[in-house]
């Protein structure tokens, strides 16, 4: 079994940003993503998550290291000033590297 | 003293008391919480039920009767931001984009406030045109569009493409979940008419008031969680959140009489003008004017104007209409 | 012209119009979405309500009346795959496993289509045997088992153990959520009888039609999202999805008359034969024949046959029954 | 033989049969599952409905009538742990903290058991004081506080601060979700009175029995999943879970007569004493006595006492009351 | 405080595969797992997640490196050809290594 | 774009422990957290997650390595003996290190 190094980028943001973020993912070349609703607490206060429009989502995307770089750069420049969010990357290993 | 009695009666209705209970839950930090799908399910039910009922009423009344007051409602919604914007900008010293955002919220409408008002009218035996739901449907979007344009003109920021985000806001304002459900159910109701109503009445009409009471429990919690932000928004917005609804409400009632509505219908148009959006507008504004500060527009519409209208506003607008019509 | 009137009346019922609204929501990419727990809650309600009502009806009618038509229904369900399989395999040139998978879906049934049909019969004042729900209950599983066996015979693949997965499919087909709820509620209803019904009628019967209308809004969205797959499935399956229901529907109506059902009951047996499963069958097939292509069986049953039956099929099967019984 | 007939009638009610169906689902490992938000939605509905109805009844009856039996109920709840604790500690040889935890559960109450009992009384045409919901409201917390104090005294563990966690338990017992909803809705109902009831009756009263039946299906699954833990808890707890309710139930009925309740109300007080909490108590105990073993208190209250009360207990307590009052 | 290196294997797959995957986890020797419903987008299209049977789930399991190897190998051979899914592994550190 | 090394600590625990854990997070100095409901299986049996009070939650928190250390130490000492739970840490890289 051969595994390949990739990056897992995790984004936690207000649900409002959903469409903008998934559009960005397509633009930087991600081939897929996984998304779910979360509650959260942070510098911009608690997000209890009972109204979907006011809630948080977590988006996880596995991408190549270069795509991860572009993604984080654009998140920092275009999204961090506008939306309540955090983003971080983490090293993972995948099978079928052509899929990502 | 009539107005005081009316207010007292409203305050003791299940809907308002459950709203107060929700406020209490938020203030005492009870771990009571409606799960998101329950909230969504209740809004879907309420919007579909009110839309369907309105559609059936339009079919009964005929478009000939509905188009003029509906047009007036639409115009009123679009115009409200034009006077609230300068008030906020120059009176309240808010930034251009914040002023535009708040103005959009007060031109748009709150479906729950409207529904609570119809319940109140029913409770005090004040008849109204059932097709008034059509006014709710046409008043949600225009103010949002006007507000976004005002904000864009004032800022002209680029990045991510402001043209794109105006289009997004329009899409959101027109195809967003709440307006889609409301208008969709309205059209369905208009096509079905009375025979269709008979089939689904036991689900969409009979238990409606109880569902609303339960939903206001949740809305009380949502509003209550915003209460602690009241100190952040300043005194100006506090006054704004109470006085502007009174002015807009009066405008709405007058306009209603002008275009030939009955007393009940004019009251509802007043309620709509007075109400501020806290779902559709925030979504659209957050997407198209992300620089605007959500604490300002959400706190004023959700924690000031919404509770004010639900408790005191609705009986007051009816009283205004009664004076005008007597 | 009667049939055209009947179709028009059906198209203007709240249930069908809300289904169309759901299609619209999917096509205009509105952000309207039913959260999963709401979907699950509505299906639980509908299955329990229809099962319970059927069970009470069986208790009233007595098993002596029910067993023969129920057995006929069961046999019909099991046999349908035997003629649809070769049609797909040799007419449509599908692979053996895809043919088996699709055949299983058309032998099994759609509870929502059945429920919509009972609503339609009620709307046109056509009486039917309430215990017909028993046919729904017995027709869900047999075709799935036949289809899985056909697929296994044709492929004989190993890995993960095909014996195991046949057993899993049987478990799924018999203890799966939907069949468990339906049969369970049926038994509960049969044990309670009329006195039990009186207690829960206000929840399980009175608001039923309205709940169904709301649910069809969601089903419209689910079907609408599949519409873009129509081009992927090819013309053969498109024709198959309309013509096979017509044939199976006619078969069902005839068989219904043969085993002594009234006009309404025969229509419902026709509807069941004509309908294709889109929940129970996909689950079981995905688990036991994972090589089969889901786009084919889901698109044909959900985006072709289901909308066809809901809108045109049901009035047509009733008309066929009327011709036969007159 | 009357009692056997009564039990048979109870066993054939929709509520109990759906509970049995839920047990079956758990035992056959069917993949049926209620999503969490549906469970939460149903509990919110049931608690609000029962609380509201009770509040309206209090408004009708007047506090003068309610305070004495309510006080008696409160005292009974607080005292039950004082005799069950030594029984568990010395008879059952459980550790001090486990004994305290279980005792707290049996002094507290199960809202669903109470609701099922009111349904049963309605079915057998046995009138009862509607304000009995007030007893439910006051009996939930005291036993939990007594149990936590017993456990703390016995253990005196430190770390994380045991004083803190007693305070947390009190907060949980008083402001926890279920007690908050129940008491809140009671107060709302008392303020609204009859006129409020008329508005929301079609939602909170008419469909109530059906909703309860559906909810018991879920409770059957929850209890069923605990059944395999029965072997872990030992024979003593098995006997405890059946006999202690019978003793407490008898105590409750006697006390009810003593404080002047009618036959129906005394039965309900018996049911409350006999019932064991499985939501509020576990939450508070898990937080304030985390060393106690949840398998013991959850299995006994949820898998033994709850099913026993729902099926056999309720008719038995009514029969005891009938003997006493005749 | 002493932490031990382990692998976190994350699997995102269609809900249909749930039972088959959890059975596999038991077979390869995992001592527990965590599971939740997610939405997703990938090569096999969007999964909006309103019908549970058509939805996605994410399964996370902490295992020793050797178990992770077996798990990924069997996923690749037996599951990837049949189900819509992705899987990846990531290094984590745990307390109480005997638990995993 | 400059990223900074941080730790992501993941905690899966019974929902009962929610308040105690988030209080601990504040005490050790985390600036936010993300939380969602999960199902699970482990040494203490299946947690199907239909009753919120009996369910599992997953809490994810991004913190500096020193905070992660304190957090795990206190979890081990104060929480593991009392609650059904697991916790592990993982290296991640973030933008805006001052945020965590």
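A, B, C, D, E and F label the chains in the order they appear, each numbered from 1.
By our rule, a contact is a pair of C-beta atoms (placed from the backbone, for glycine too) under 8 Å apart; a residue touches a chain by one contact, two chains touch by 3 or more.
Quantities reported herein were computed from a predicted structural model and do not represent experimental measurements.
S.K.: Based on which chains touch which, give the shortest step count from chain A to chain D.
M.R.: 2
S.K.: Provide the labels of all chains in contact with chain B and in contact with chain D.
M.R.: Where chain B and chain D share a partner, that partner set is C.
S.K.: Kindly list the shared contact partners of chain C and chain E, in label order.
M.R.: none
S.K.: Since chain C and chain D are copies that touch, just let me know if over half of their interface numbering is common to both, same, or not, different.
M.R.: different
S.K.: Between chain D and chain E, what's the gap in Å when you average each chain's C-alpha atoms?
M.R.: Chain centres of chain D and chain E, defined by C-alpha means, are spaced 40 Å apart.
S.K.: Would you mind pulling out the distance in Å between where the CA atoms of chain A average out and where those of chain B do?
M.R.: Whole-Å distance between the two chain centres: 34.
S.K.: I'd like the Å distance between the centres of chain B and chain E, where a centre is the mean of that chain's Cα atoms.
M.R.: About 45 Å separates the centre of chain B from that of chain E.
S.K.: Counting only residues that touch at least two other chains, what does the list for chain B look like?
M.R.: Each of 33-38, 40-41, 206-207 in chain B touches at least two other chains.
S.K.: Note the residues in chain F that touch 2 or more other chains, in rising order.
M.R.: Those would be 36-37, 52, 90-91.
S.K.: Just spell out which pairs of chains touch, all of them.
M.R.: All touching pairs, sorted by chain label, are A-B, A-E, A-F, B-C, B-D, C-D, C-E, D-F, E-F.
S.K.: Which part of chain B faces chain A closely enough to touch in the complex?
M.R.: For this pair, the touching residues of chain B are 33-36, 39-40, 159-160, 168, 218, 221-222, 225, 279, 282-283, 286-287, 290-291.
S.K.: Where on chain F does chain A make contact in their complex?
M.R.: 1, 3, 6, 8, 22, 31-36, 62, 90-96, 99
S.K.: What residues on chain E touch chain A, complex-wise?
M.R.: Listed in rising order, the residues of chain E that touch chain A are 10, 12, 36-43, 56, 58, 69, 72-73, 75-76, 80, 86-91.
S.K.: Under the definition above, what is the set of chain F residues touching chain D in their complex?
M.R.: 14, 16, 19-20, 37, 46, 48-55, 78, 82-83
S.K.: In the complex formed with chain D, which residues of chain B make contact?
M.R.: That would be residues 12-14, 17-18, 21, 24-25, 28-38, 41, 119, 123, 206-211, 213-214, 217 of chain B.
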